[in-house]
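Encoded as structure tokens, the structure appears first; notes follow it.
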Amino acid sequence: MTKPVHVRIISPITTLGFRSDAAVKSLETDGLIVSATQIAKGPASIESEYEGAMAAPDTVARIIEAEREGVDACVIDCMGDPGLRAARETVSIPVLGPCNTGMHIAAMLGHKFSVITIVNRLIAQFENAAALAGLSSRMASARSVEIPVLELEADMDRTRKILIDEAQKAVQLDGAHAIIFGCTGLFGCAAAVREGLLQRGIDVPVIDPIPTAVNIAAGLVRANLSQSERTYPLPPEKAMPGYDMPDLRLNAAE
Amino acid sequence: MTKPVHVRIISPITTLGFRSDAAVKSLETDGLIVSATQIAKGPASIESEYEGAMAAPDTVARIIEAEREGVDACVIDCMGDPGLRAARETVSIPVLGPCNTGMHIAAMLGHKFSVITIVNRLIAQFENAAALAGLSSRMASARSVEIPVLELEADMDRTRKILIDEAQKAVQLDGAHAIIFGCTGLFGCAAAVREGLLQRGIDVPVIDPIPTAVNIAAGLVRANLSQSERTYPLPPEKAMPGYDMPDLRLNAAE
Amino acid sequence: MTKPVHVRIISPITTLGFRSDAAVKSLETDGLIVSATQIAKGPASIESEYEGAMAAPDTVARIIEAEREGVDACVIDCMGDPGLRAARETVSIPVLGPCNTGMHIAAMLGHKFSVITIVNRLIAQFENAAALAGLSSRMASARSVEIPVLELEADMDRTRKILIDEAQKAVQLDGAHAIIFGCTGLFGCAAAVREGLLQRGIDVPVIDPIPTAVNIAAGLVRANLSQSERTYPLPPEKAMPGYDMPDLRLNAAE
Amino acid sequence: MTKPVHVRIISPITTLGFRSDAAVKSLETDGLIVSATQIAKGPASIESEYEGAMAAPDTVARIIEAEREGVDACVIDCMGDPGLRAARETVSIPVLGPCNTGMHIAAMLGHKFSVITIVNRLIAQFENAAALAGLSSRMASARSVEIPVLELEADMDRTRKILIDEAQKAVQLDGAHAIIFGCTGLFGCAAAVREGLLQRGIDVPVIDPIPTAVNIAAGLVRANLSQSERTYPLPPEKAMPGYDMPDLRLNAAE
Amino acid sequence: MTKPVHVRIISPITTLGFRSDAAVKSLETDGLIVSATQIAKGPASIESEYEGAMAAPDTVARIIEAEREGVDACVIDCMGDPGLRAARETVSIPVLGPCNTGMHIAAMLGHKFSVITIVNRLIAQFENAAALAGLSSRMASARSVEIPVLELEADMDRTRKILIDEAQKAVQLDGAHAIIFGCTGLFGCAAAVREGLLQRGIDVPVIDPIPTAVNIAAGLVRANLSQSERTYPLPPEKAMPGYDMPDLRLNAAE
Amino acid sequence: MTKPVHVRIISPITTLGFRSDAAVKSLETDGLIVSATQIAKGPASIESEYEGAMAAPDTVARIIEAEREGVDACVIDCMGDPGLRAARETVSIPVLGPCNTGMHIAAMLGHKFSVITIVNRLIAQFENAAALAGLSSRMASARSVEIPVLELEADMDRTRKILIDEAQKAVQLDGAHAIIFGCTGLFGCAAAVREGLLQRGIDVPVIDPIPTAVNIAAGLVRANLSQSERTYPLPPEKAMPGYDMPDLRLNAAE
């Protein structure tokens, strides 16, 4: 038996109970262990650049801890990928953002993709994320269901209905050939949305970013790959008044 | 125990014994079965657009057969990704090209990537592949070791040495932060090349395209994803004199 | 009197009678001879990546033969440009694809162009062709009349009417300043479509790809130009079991 | 007399005395008041994505305070533009990052620009900044003098000499037509570097990012312009445990 | 007291009285002097490439004269930026075009910008201007009010109403986050258009190109910056029959 | 016999005898008549944006006259394509610039092209021309032989030698697969340069812009194509003090 791969999901928000144990365990398969944690300092949820910035410090701390506990890879549980680049500098294990991962996978699977996000104000962020990924030419559009993240589950039938409506518009009006959920709070809706689209005669991949990123992270571990030290070198040793961050040199010494 | 994923490697060349059973089996892990086959009609090896075009018809036939045998995903065993788009139109299971997959994974892991290929004449093809992937802005360069594919294994020490030299130039002169092998004939060299680069003080991911594509294919299957029917619809029913291709409707009917 | 230029049109489909002698001869002018041939093995028509791939081997064979017969340039008679890159590797005379040629000519003549093609499933192919040509920023849109290639001539009035309607939308909704027919089966419709657009107050070039490519091919011959051997080098000598292709060295030896 | 414009410089580092009063006052002209402050929590200096992320929260707090004190515009004193997007969401007055501003001004003044930064590891960050600005096609290169930010002033003659050497290479090897300093710690060196380049026969603008951003900020205020609320909407009201940030609604109520 | 900055506005049209003294003087602030002049040879107004080309020679002459009179910077008073590149070659003081300046400032302030111009025929010119600025990816759209430049002031209420309507469409349909007036004849309308948009719930910067360019020009002078001699070298000495242009060497000798 | 096509070459410089009758007549073939003229007002030669701007008005006048004389197409005899867009607005016959035409033809023939121009200061102009053509991704480089246009013929052996040297560098260092002469003063050198490159083992197309543009212009006439009225609409009727231009309405009335 080969050694199982352990992927940890890091929720960069302080609202408790957002990511259930059952959901996390549903991702496990033969040879794949999945755990989850969340930050203690930062925003209740993330719907702005400001909240993403406030979430980053503690997200990085959780990822450094995960590496020290022997976790094989981390996935940040927010489509803003908060702290992704910073965290990658501080550890050797692969750290994946669901937005960056979802966009590359979508581009592998279809001609162009659309992101269906929760609020309009995030559309520019997704266009920026595509630009940084080098994938602007592959993004058909970003669209919004206009439901704040913490209200998504209040009426899941309505949420799914609007998701299907916007996904249909993305395909028929914007030319999308693949759909990415623009909020990890939509975890678990992919099968229903794909089915809803099929009933309307639309057959496209629907990418649920957390399952996708977890499985791709596992694939990277099995292929002995991690982020480039050249892009993400260890930060220099330096004072950081006002924060109680883990000592970065401990990992480096390993 | 979850159902294992079965990935098949399709070698689009007619030279026998190119891909050893041992190499194929070395890719298996808990929950992952890997098999391999090759084409009967087409080029001895692929080092041109012409040979890629001649390899495509029988590659597509092998992929249609794989789906009918219950295989979960296919990986084409050539960095020219011959027949990739055609094959994706004819089956529902994920079909991955190692070039397209390797480029997206490299772009996920580092700022820019370089492809180290075997002969100069392929450089334009890799630049075209990056353009189609939407990743031109993420490719630092394509470089060549100038060793034909069927001679790569004649002197593996020399091959590895030149690979390391060219990868070093890609990093230091071209700004690459990740390296992709530009020929699947280099399968198995990644650890040695990465080690050689580390000894020269260069710490970058070295992407071995076949192990990478096989593990990403398995990840896609586990995440219930495949290529978009919208990009790759089933071809219309039509006469095809001069070829004895499998009937495309059999898959469609399933 | 200067030596006349001989351009050959290669139809990459096996349906007989698709390209009439009268149509071919209508392209001749002082100093320009035009002939035509077609493939014997491959699809009845081309409306998918799969069919394009199946058409390529015999298309290449016909182009090699044309060069040996003393033809000065070849034009492939399909907007998928099947076998274009492969064929260019095997001969010294210019080989033109109507799609690639039409896009560059359209970009020379107007700010942005649209392709009006026959079926929706080809739109992604045209966007890929524009990307490979480097002309994505010059393509306004690809639109479809939704009539299969072999049915275009069944009701030419209706075909022309829908072409004019879609071209008008391309201009008024998508910002096209030039129109390219997205199927060479529309050969001969340009004057009627241009007239129809003028009657609606729209004055844009309407590019009929075959006449355009034939005349541009003749211009290249007169200017002593052909495709770059650096981009399209002769393939290495190699076994090709299952195919009976002309020996590539014969041309090289000339 | 028209009302003077008050621009505040926010240093996002905790090292005291980095930005002298004399330097700040040297920027004042008729109708322009310049003040400066710095963060209390965060990195001693910024040479990584990690340090930029750690600097963002207190930088945003300082900018919110500046607006409440009646300051007309803020400039962040670091070429990583830490917290720029987050801060812009929280205030109505213009907030400028010297990197983003310097790149647009450089693109206005010359064909292509190069950034001369302090350490190699920042090069990818500058390429990402150019991509987000939409200016990748206008950046010739990013080059480094390999001197950490807090050591720049230790031997200013050597620093200036290396700056001139790298700027010369940027012009002659990379095709730069304008130079941007890649670290605000180089404030005050522009005249000397420009003079040094002129002595070598090279006549290009040398952009000192802080004076440039301060004067452009003043110009925006006089032209009644600020960042778009559409791109940078006020974040929703929300708990932020672990941080003591100013209440965002106070500004909104104004 | 610091030396005031003198910016001159050059109107590249021969219609008298187009730019009133009051408008020019309204741009002055502490430390900023603004003057204006116009060409004597060339078009009555500019609404085509042809008219822009005819305006360029005398515009360049006026700018050379301005430098000799001791003016610190020039702004060309037309969104076609006629003669901008030519003039920059002939003088050392900064010469700004309102289109190029407005686009870079818009890109600094918001995610994407739209240009609201006067006639449809100019839309391609604005797309070309964005391409040359490197900002195609930041332009959401160019839209037109379809009112010729010399009729804009005939019914200013109607002009403002249509401007607001088109700006609203640019924001809501095209995704613009900032608006640029596409004709300097709209000078003075920004406050009203911004107010009109706010009344419709749309809060975006509205860039009035002349005030913006004048203030940015002043900022460049204060930051000791001008266009790059590398991009805009002095033209060689040469006969110019048919024109009575100032001797370019006089400036060079200064 | 089909009606011959008449193409006129317009030299936008006032130096007499630059384009010999013999050179012009050498372009004629069966069915192709070539004539030439030049401007009376403007620069002795063109090596700057300023000179290009000064050449434009009389170039446009010559092109309007050509159309009235029954010429079928015009080619501007300068790689700066001076007056191209302006002229296209004023006539219905095709007007081609050798730079724009040469770039599109080069992009059709090979993977990437380089321009070998006469003086360094023109390199940015060629990069801008490629950007406007949409072909930035297809241009490998622009290089210069540093010989002013009017001195090119003083020592043609040396000129050809340096051309071959720079073309070789373009291919081997920059990745060019096709060469375009960057000055129409090099007319007639293509065969020698191509031969020189072949002797060094480099087999790439060498594009002589005037013969290429003349033959492509003839091809467009035969294919019934001209520039788009949508991109180049007739300018409005308007006063033009200081110039004695042909009345644009005469052509429009035809």
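Chains here go by letter, A, B, C, D, E and F, matching the order in which they are written, and residues are numbered from 1 within each.
Operating definition for what follows: a residue touches a chain if its C-beta (ideal position, glycine included) is under 8 Å from a C-beta of that chain, and two chains touch if they have at least 3 such contacts.
This is a predicted model, so every value here is computed, not measured.
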Exercise. Listed by label, which chains are in contact with chain A and with chain F?
Worked result: B, C, D, E
Problem set entry | Least step count from chain B to chain E, where 1 means the two chains touch | 2
For this session: Could you pull out the chain whose C-alpha mean position is farthest off from that of chain F?
Result: A
Exercise. So chain D and chain E: same face meeting same face, with over half the numbers shared, or different?
Worked result: same
Problem set entry | Length of the line joining the C-alpha centres of chain A and chain D, rounded to whole Å | 30
Problem set entry | chain B and chain D, separation of their C-alpha mean positions in angstrom | 44
Seminar exercise, completed: Per the C-alpha means, the centres of chain B and chain C lie apart by a whole-Å value of 30
Problem set entry | Where chain C and chain D are represented by their mean Cα positions, the distance between them in whole Å | 52
Problem set entry | Sequence positions of chain F contacting 2 or more other chains | 111, 124, 128, 131, 136-137, 177, 231
Exercise. What is the complete set of touching chain pairs?
Worked result: A-B, A-C, A-D, A-E, B-C, B-D, B-F, C-E, C-F, D-E, D-F, E-F
Exercise. Chain A touches which residues of chain D in the complex?
Worked result: 14, 40-45, 47-54, 56-58, 60, 83, 85-90, 121, 124, 128, 131-132, 148, 231-233, 235-236, 238-243, 245, 248
Seminar exercise, completed: Within the complex, chain E is touched by chain C residues 111-112, 137, 175, 177
Problem set entry | chain A residues within the chain B interface of the complex | 1-2, 4, 29-32, 94, 96, 100-101, 104-105, 107-111, 133-138, 171, 177-178, 190-191, 202-205, 207-208, 211-212, 215-216, 218-220, 222-231
Exercise. Which residues of chain F touch chain D in the complex?
Worked result: 123-124, 127-128, 131, 136
